[in-house]
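Note that subunit A is present in both complexes that follow, paired respectively with subunit B and with subunit C.
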Partner chain A sequence: MSYFKKIFKAIHTLFQGMSVTGNYFFPNALTRKHVITCQYPEEPPVIFERFKGEVVMWHNENNEHRCTGCQACEIACPNGSIEIIWKWEINPETGRKKKAIDQHIYHLSMCTMCSLCIQACPTNAIMWSTNFHHATYDRGLLTKVLNKPGSKLMEGVEE
Partner chain B sequence: MILTQNIFEYWTQNTEGWLYVLVLALIAALYLTFFAVAGLLLVLMERRVAGFFQLRLGPNRVGPGGSLQTIADALKLVSKEIFMPKFADKLLYKAGYYFVIIASLLGLSVIPFSAHFQAFDINVGIFFITAVSSVGVLGILIGAWGSRNKYSLIGAMRSGLQMISYELSAGFAVITIVLLAGTLQMSEIVEAQRDTWFIIKGHIPALIAFMIFMISGTAESNRVPFDLVEAEAELGAGFHTEYSGMGFAYFFLAEFENMFIIAALAVTLFFGGWLAPFGITDALPGQVFWGLFWFFLKVLIVIFVFMWFRWTFPRLRIDQLLVLEWKYLLPIGLVNIVLAALIVWQGWLFEPLKWLGL
Partner chain C sequence: MSEQVITHSDIKFQEYFLNMGPQHPATHGVLRLILTLDGEEVVGIEPDLGYIHRGIEKMCEYDTYRQIIHLTDRFDYLSSHMNNEAVCLAVEKALEVEVTDRIKVIRTMMDELTRIASHLLWWGVMGMDVGALTTFMYAFRDREMINEIMEKTTGARLTMSYNIPGGVMFDLHKDFQKDVKNLIAHMRKVLPEYDRLLTGNVIFQRRMKGIGTLSKEDAVNYGATGPVARASGISCDTRKHEPYSAYNRVKFNEVIETAGDNLARYQVRMQEMYESLDILEQLVDNIPEGDYQVAMRNLIKLPKGEFYQSVETARGEFGVFIVSDGKKNPYRVHFRSPGFNNLNALLKAGLGGKIADLVATMSTFDFVIPDIDR
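Right, the complex of A and B next:
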């Protein structure tokens, strides 16, 4: 008797399974309201704050950054994605030389988004941005200079 | 047994010599075109339906509503390099997909798409389809043997095993309908359903036969849940692991074409083929068009059910596959034939329209 019981149970479970998937299919096919995927170019994607897109340097409205040129990020970077070209800056009042960044070069093509540079930075000069539109036709465009041209160190960072 | 007028006879009735050959070539080209177009459309439908089942949209970028997606895919496949393993058996490797395609095209040739729209209307049509659809597995076997890859061979052996097993119960399901129709000719099977479709006329045995036919048809076209042949997780891609470019595309198209043939067979046997339900369009002009319309509508519904199976049921293990066939479907099919014979003999058919005097 269990033979026939098995057959009826099998048929019952087949229809049960089909009703489950049918409940996904028909509302979705008729109204398209149940789609859970993000239709990216039309819809803005949902990006969390902690998303690691690329490393950027924060600048305030007077074009001042917080980078002292200490090179801690360059040392912390495991694969050499960060290069800092620094220069001597002469204080016109005292005539003393001081280290400052000329170019903070960031190779996005090599970066593994490990976040070690940001943890290493003593002055919180660099941070993550959530921008993810990195595709370019030229590899050279992925080498970025993070400090803006003409920018200088913000006052009071070194104290 | 009267042969109805079909495409072949219509075009060749007043031709001879090279013109006759030309007409034959034209019919073959028509069917090849249909083969390609239907394959592409079915792949598109499969992907859209899969998308909706998984709460996605599916391909919707190329062309309006994604309608040109598979054409783009086909162009990509054409432009790909055809790569052959170094130690492959070159003849068998290349012959594999021709066997598969020819088997599906032969199956396609006897299916009545509409009244008089049929390449060949032989008097053993249904038997012919059952016979040639088994040739396809030969293509899978020699293609897998020729590519000299152990995963391909395991997949092909499973395919052979599956085909031998499930061909039996599919055949018994077909025989149940042949008992009701009293003929093997496809066009006459359709004509016999003019008052009532066989799924209604044959009530219990026809319903059981339909369920068996759907299960074994899914198994014969190697679709999920019976896709042990390909079994992505276990065998790479099964028998077509070593095929690239168009070689792969031919196998892929033939698989969808086999699904179309199984669905067309199910429609012809159980749902009245190209006949309109209750004859609602019989009085309208353009009978061939309406026949095509109803036929393709029904076939698409049955194909949708196959796709529904695909996105619902998990794949069977090989032992479960054999238990299902030999312990359940085959005995049920045998008992079902006896039941159908009894019903036909005693005339216990379910014909509500005839009882109402319509």
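Right, the complex of A and C next:
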């Protein structure tokens, strides 16, 4: 008797489980009600504003950035993703030398997206962009220079 | 032609070895178990570690205390927030910094969200290990809601690095409370559905009940913690015994089962999800106002001494032991990861069963291999 009882119980639980899957399957097949997948290349994915895509340096319309070359981000970075090559810039009026960035190099391939550089930056020069299309055919393209060519320090940042 | 008669004494019996892993799909990573088999019965298990060893403890000795945190994401990536919190709490304990109530509540809520996400992933993958593929789809659908909450607030879905010594990195997103309430309502609806789909199923019960039994004594002897130990009847919840963050102001039960078999471990985790929802429900409307960061020096130097802080991750007790000699880098950091000790308990629990039972037992132990091998 218990043998048949077991068979009955097995069939019962089978249908119990299938009632759950059926509740999703039939509405989905008819109306696509519970569909949560996103057809990625055709449909753009939802990206939230705090998403950590890659580090970028903000430039205004006059091609000016806010980076003073203090190297706080380079020190804060745990795995050496940021390298700053700096130079002395001579003020033509006063003749005084001033430290400025030549190249702000960012190795995206080494970055672990820990946000420490952005927290460390005293002038809010670098920030996260939400770009996530990082795939390239050449590994060298993942090493980026963040300051645009010919850009210079914005007035009044250092005060 | 004489007839050849084979008697029982002519057949030679011998034990043989079988490698399970390092690329076995049921080990969820690169865990290699060297099995000694007698027929299909497992008579010996020996783990071979080192396939994903990264030397994080050594790397920590060259990093400052702020930089250690992002490495702890990479142990148990499913409970990365709790791992981060352990380091932060240890540093705050050493510096005797008291964080605001808001930070405590944010950390606790994030912990519980991470715990639910981790248990959901475990439920889905465990169903897949015993042959029910639907669970994987359902669990990942619901886990996506938590991932989105995380992404909105912390900017990352898995390795969040959200905690910093003296607070959290960003304030909560403005949708946080609404999303968490949505999540609680949704989870309360789908968790009974999970039970109907899998828990009561006869095939599943036969794979779970009485298989992979870990006695209370063995669980203590092998240093098991977390749901594995609680399923064997040991009260070991760090949230209860040494409350950190805001756990002393919420009411929740420590789920304890006594059977110690696969089904008990399954039930403990399923019940823990309900408990986590309870904690979230108590806190979601009571997030106090205040700062989300306490001002701390940019370069943190701990005083000389030894500091230990343990937290309850989704897999058990995660401990951080820092030896400081007063410099900006720690002299030595040791991490007590739950997976490593639970693996030792598996070596006991998996003995005597069939190979297929070992797969089921392993999935109820819920291993994350980078946690074992760090």
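As a working rule, the second predicted complex is superposed on the first by the 140 of 159 C-alpha atoms of A that agree within 3 Å, B and C clash if a C-alpha of one lies under 4 Å from a C-alpha of the other, contacts with A are read in each partner's own complex, and residues count from 1 in each chain.
Throughout what follows, a contact is a pair of C-beta atoms (placed from the backbone, for glycine too) under 8 Å apart; a residue touches a chain by one contact, two chains touch by 3 or more.
From a predicted model like this one, the values you see are computed outputs, not experimental measurements.
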| item | value |
| --- | --- |
| Touched partner set for A:Gly22, first subunit B, second subunit C, both or neither | first |
| Contact breadth on subunit A, by residue count: subunit C or subunit B | C |
| Partner chain(s) touched by A:Gln39 [first = subunit B, second = subunit C, both, neither] | first |
| Partner chain(s) touched by A:Thr112 [first = subunit B, second = subunit C, both, neither] | second |
| First, second, both or neither for A:Phe48, with subunit B first and subunit C second | second |
| Partner chain(s) touched by A:Leu14 [first = subunit B, second = subunit C, both, neither] | both |
| Contacts of A:Trp128 with subunit B and subunit C, given as first, second, both or neither | second |
| Contact residues of subunit A, present in both the subunit B and the subunit C interface | 10, 14, 17, 20-21, 36 |
| Subunit B to subunit A touching residues, read off their complex | 49, 52-57, 211, 308-309, 311-313, 328, 332 |
| Subunit C to subunit A touching residues, read off their complex | 63, 66-67, 69-71, 134, 141, 144, 148, 151-156, 159, 161, 164, 169-170, 173, 193, 196-198, 200-203, 298 |
| Sites on subunit A touched by subunit C in the complex | 6, 9-10, 13-14, 16-17, 19-21, 36, 48, 50-52, 76, 78, 112-116, 119-120, 128 |
| Residue numbers on subunit A that touch subunit B, as the complex places them | 7, 10-11, 14, 17-18, 20-22, 24-25, 28-29, 32, 34-37, 39 |
